[in-house]
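Presented sequentially are two complexes of subunit A, the first with subunit B as partner and the second with subunit C.
Presenting the complex of A and B:
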């Protein structure tokens, strides 16, 4: 038990660490393949951490609600939003390519049916003729009725829409000679290029709806956004855009108020260090905005051209390019050395906190 | 200044400060100041690098920012995408941040509809594609460096990347002509460490203002070609593209609020010094 719990993890960590180090410097077989395999594993494991995160979130908030801890109401809100976004995000999107009566504008119904019936029964090949030949008898009758009466009744509309949806399900609707010169996106071209037997119903609908839109751009509406799934226009994205993004931006924006208040109350010239920091902050804050540049440009130009180096934008660039970079480099080097030493401690089994609190 | 006045100033109600801050932000939005913007070398470094690429060049755009940073980064994202599409460059998007996916989809949709309205539509799969969220962070970048398509496998719409015409000729991360990194955290360090250093890909940073000072070290070392930092950087980029977007409009508010905070600091410190002076005098007595 002691071996499985304590020694085995240390052995695995030691060998993995050493092999990865060798693989970095010796990218040839077998180390190169090991490196590739390990980094692919890492990606898969990293994906699972998301699941772990959700499980941990649920457990924590469930405990809060069960024990009635302070602020448990927020946990209930969290559960509701989690469930709603998860359901709408995970569900497969509905078929958005089929037609609904609202996809043809109310005032266009009569004109659309007239064109369809007239050209469909004509001799000239074209989209109308092609669709007319594929339309079921009832749908043709409905189109004829609307065209003659100039009044699109609900039953007639539904009958024609049902017929058109049947046409949209036909994998052989598109023929080049019937739809000359219509705009086809690369996606539609890709679908048309495939063997129709390999296409699923949704793809056939997508392809034909686009063909129909290309043939009747003024009559057939654009494809609607799906409610389900996680694409643009879905409930999931609505929650992201109008709740998540808005709430996050609001919380972040509050910083402006707190920074201003804190700057007024706490940013004091108490010590030399604080004074240097305050002066630098003032220069950078003014130097990074147009008024600061304008003001200092005016002063340096009016007083003396030798004072150009005192321009606030120049001073700001100096601070960012030299003192900041020097400090940052020191931090980066320190971090790098710390990472190396910590990694060595983990590989050699000196650092064992990752194995749990017992260690 | 008397001691009483100094004490009054030091104990001012914070709600007054909040009201002044709100006014400083809102008023310039209602009454724009149209302040001039000077373009810095850091911003020009990114712009020039993209501008010199021939049409058809491929750019990888990393959407690595959270929704809280949308006001700062989205204007830059729109500006750089517009520059690329206007020049006929091809865009491939990717995110290693879960929330970056929603931001990427949003901004790509906005830009796509803008081009559609202009009568010059851009097409998914031909002009741009988005790989979606790819987990694994450092490992993901390393894998992109050795096998881009094998790491991505599918785009966010579920299309196989192997058959995507846009990705023809792209085998590794190094085959891209440039990497635009839109970030609000230290992700760029990993793109530099595991992307630039491994494959030599050139990188431009588009980041929040708070992140910018931290990456000047990378700029000085030549690991990135430039920095577009915060609304200021965004407004400079918009100036180079000769249009006024959200960043340029936001700079008026930012200017006034910066000046207001400077005034706050000065008043606070003058009052503090006066109080200290009086207290010192009293102690000596």
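Presenting the complex of A and C:
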């Protein structure tokens, strides 16, 4: 037990640490790919622990609601959004490439069916002729009926749409001579270039729907956004874009006010250090504003040309480039050494506190 | 006679007019024609080499600089499977860019030599490993990269629509190398630090009474926990923006272990809202162990160490709301922080809590200094655990850091002297070599 809990983690940490250190200096195989491999392992572990995170989240908020703690209403909101985003995000996206009656606008039905029936029964090869030959008999009848009566009844629409969806499922719909000059996106070209036997149903629908849209750009509607899944336009992304991102932007914008209040506290003249900082900050702030720079330039030129070095823009650049950078580099160098030292402590097993023991 | 004179005048007028009209046209035509036949300047040779000390995924194309390189003249690199092609356009770039001086990791810092040639990093073609699987009953294939294969490259010069090929076609296969020479300077510091750490740890074991300067932020841990206990309020602890794979988070977790032990001893309450599930799991285990070590396993409440949100500002506002509702008497912000640093610290300050912060992110240090009572700056965050543990081995490693700092201190002085001397005595190459060896490439 002691071996599993104490020694084994230390052995793993030691070997992993040493191998990663070697991988940093040795690009040769197999060390070169180890960093990528370790990152992939981490992703896998993190994926599993995400479940732990969600369990913790649910348990924590459920407890708040059960005990009626202050602000438990927010926990209810959390549950609602969690359930909505989880359901719509985790479920596989619906097939958005199949046609629905609403994908052909009401006023276009008659014209679409007339064109389809007329050109489909003609001799000239083209999209209508190709589709007509592939349409089942009932769908052809429905298209003929709508074309003749100029009135698209719901049963006729349903019948034709069912027939067109059958056509969309045909991996061999597209023929270059039947669809001359239509626009095909790179994705469609990629799908058309593949062996049709290897395509799954969804890909066949995607390919053919795009071909159909290219052939009838005025009649067939654009591909709709999916409700499910996490693609653009889905409920999941809607919640993310219009609730989560907006709320995050609001919190971020609070920073401006917090900076103002923090600056007020920092610049209170209590000690010599605070006074020096206040004066420096004032110079830098005014020096960064165009009017401040103009004013200081005007003054220094009026008084003496030898005082150019006192121009606020010059002083600002000096403060930012020399004293600030010097202090920053001192911190960075110290931190670098501390990182090396801490890493060694961890790799060599001297620092074990993260395992819950300082023995 | 009059007719003859008029004809003569007409002739002389024509003689003047015709050249006046035709000459500019001819000249223009000649210019156009001249432009068409003028060849573009192009390099005479093209070399290929394996990128030194790399992972075997890059080749270098090298060719001499030519006169008249401007932004509107471009170099085009083509890649092909064989000497005859087919060729694919791999990269295009302005002819006055991508010189040897841009690649100090391969060619060092000799600018006078390196600016005389162009270098372009190019990728080879790869053998493909095809994996076959079935999806929805259909056979699918995935192509996976295997080994690099012999790849051919050619170079062309392009201006507008005109393009001229360089005669040479070169080919090569990249190989992976055994050592990153460009990182040798870092390795020297690493090895030195290793010796310092082992030496000072051995010294600390022999003589545990090592002087350690006081770190007020860490000394205040007792004060903060004691204050919270007296007030009967909880203590809030956050491990920062990053997950457990970051060293700052590991250090924060180390400090958490000590804080948790104190909290358990004082019988107070510790709240640890986490941004990452992995960090949450580690924190739970560390706090549990700390409570057990303090002899108070019954006081440990796993519900107080919980996951808030993985998104930056959702987490921030979650922690803020805990601070506002629970009103902790002490807040610990230890780890790496980003934009949320000031939002957290100011909210904590508004609740009147005693605040101890520590971060290694340069840009957030001033915010913590302003808004918190105590702030661990940079390396103090890494030293805190050793400082709290008072373990001779750990303290020895802190001493090694100090020794490292001394080396850096003398290194900076030596570097300044080298730079100054080099300005006067440029002929001493060894000064340049020393300077360049320690320059980050």
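Remarks
One rule holds in what follows: the second predicted complex is superposed on the first by the 250 of 359 C-alpha atoms of A that agree within 3 Å, B and C clash if a C-alpha of one lies under 4 Å from a C-alpha of the other, contacts with A are read in each partner's own complex, and residues count from 1 in each chain.
Here is the rule we go by: a residue touches a chain if its C-beta (ideal position, glycine included) is under 8 Å from a C-beta of that chain, and two chains touch if they have at least 3 such contacts.
Everything numeric in this text was worked out from a predicted model, so none of it was measured.
Applying the stated contact rule after C-alpha superposition, one finds that A:2 touches neither subunit B nor subunit C.
Looking at the shared chain after the overlay, A:172 reaches neither subunit B nor subunit C.
In the superposed model, A:25 makes contact with subunit C only, not with subunit B.
Within the superposed three-chain model, A:187 lies in touch with subunit B and out of touch with subunit C [touch as defined at top]. In the superposed pair of complexes, A:345 makes contact with subunit C only, with no contact to subunit B. Within the superposed three-chain model, A:56 lies in touch with subunit C and out of touch with subunit B [touch as defined at top].
Once the two complexes are laid over each other on the shared chain, residue contacts for A:199 go to subunit C alone; subunit B is not touched. In the superposition on chain A, A:289 contacts subunit B only, with no contact to subunit C.
When the two complexes are overlaid on their common chain A, residue A:271 makes contact with neither subunit B nor subunit C.
Shared interface residues of subunit A (contacting subunit B in one complex, subunit C in the other): 42, 46, 49-50, 244, 248, 251-252, 259, 261, 263, 265, 328, 332.
Considering their complex, residues 36, 39-40, 42-43, 46-47, 49-50, 185-187, 190, 231-232, 237, 240-241, 244-245, 248-249, 251-253, 256-257, 259-261, 263-265, 267-269, 278, 281-282, 285-286, 288-294, 313, 317, 320-321, 324-325, 328-329, 332 of subunit A touch subunit B. Residues of subunit A touching subunit C in their complex: 21, 24-29, 32-33, 42, 45-46, 49-54, 56-57, 59-60, 63, 70-71, 74, 197-201, 244, 247-248, 251-252, 254-255, 258-259, 261-263, 265-266, 328, 331-335, 337-346, 348, 350-351, 353-358. Listed in rising order, the residues of subunit B touching subunit A in the complex are 10, 12, 14, 17-18, 20-22, 25, 35-38, 40, 66-71, 98-99, 102-103, 105-106, 109, 123-126, 134-137, 139-140, 142-143, 146-147, 151, 157, 165, 209, 212-214, 216-217, 220, 232, 251, 254-255, 257-262, 264-269, 272-273. Looking at the complex, you find that subunit C touches subunit A at residues 53-56, 135-136, 138-141, 176-180, 183, 187, 189-190, 193-194, 197, 201, 243, 245, 247, 250-251, 253-254, 257-258, 276-278, 280-282, 285-286, 288-290, 293, 303, 306-314, 316-317, 321, 325, 339, 342-343, 345-346, 360, 362, 365-367, 369-371, 377-379, 381-383, 385-386, 389, 391, 393-394, 397-398, 400-401, 404-405, 408.
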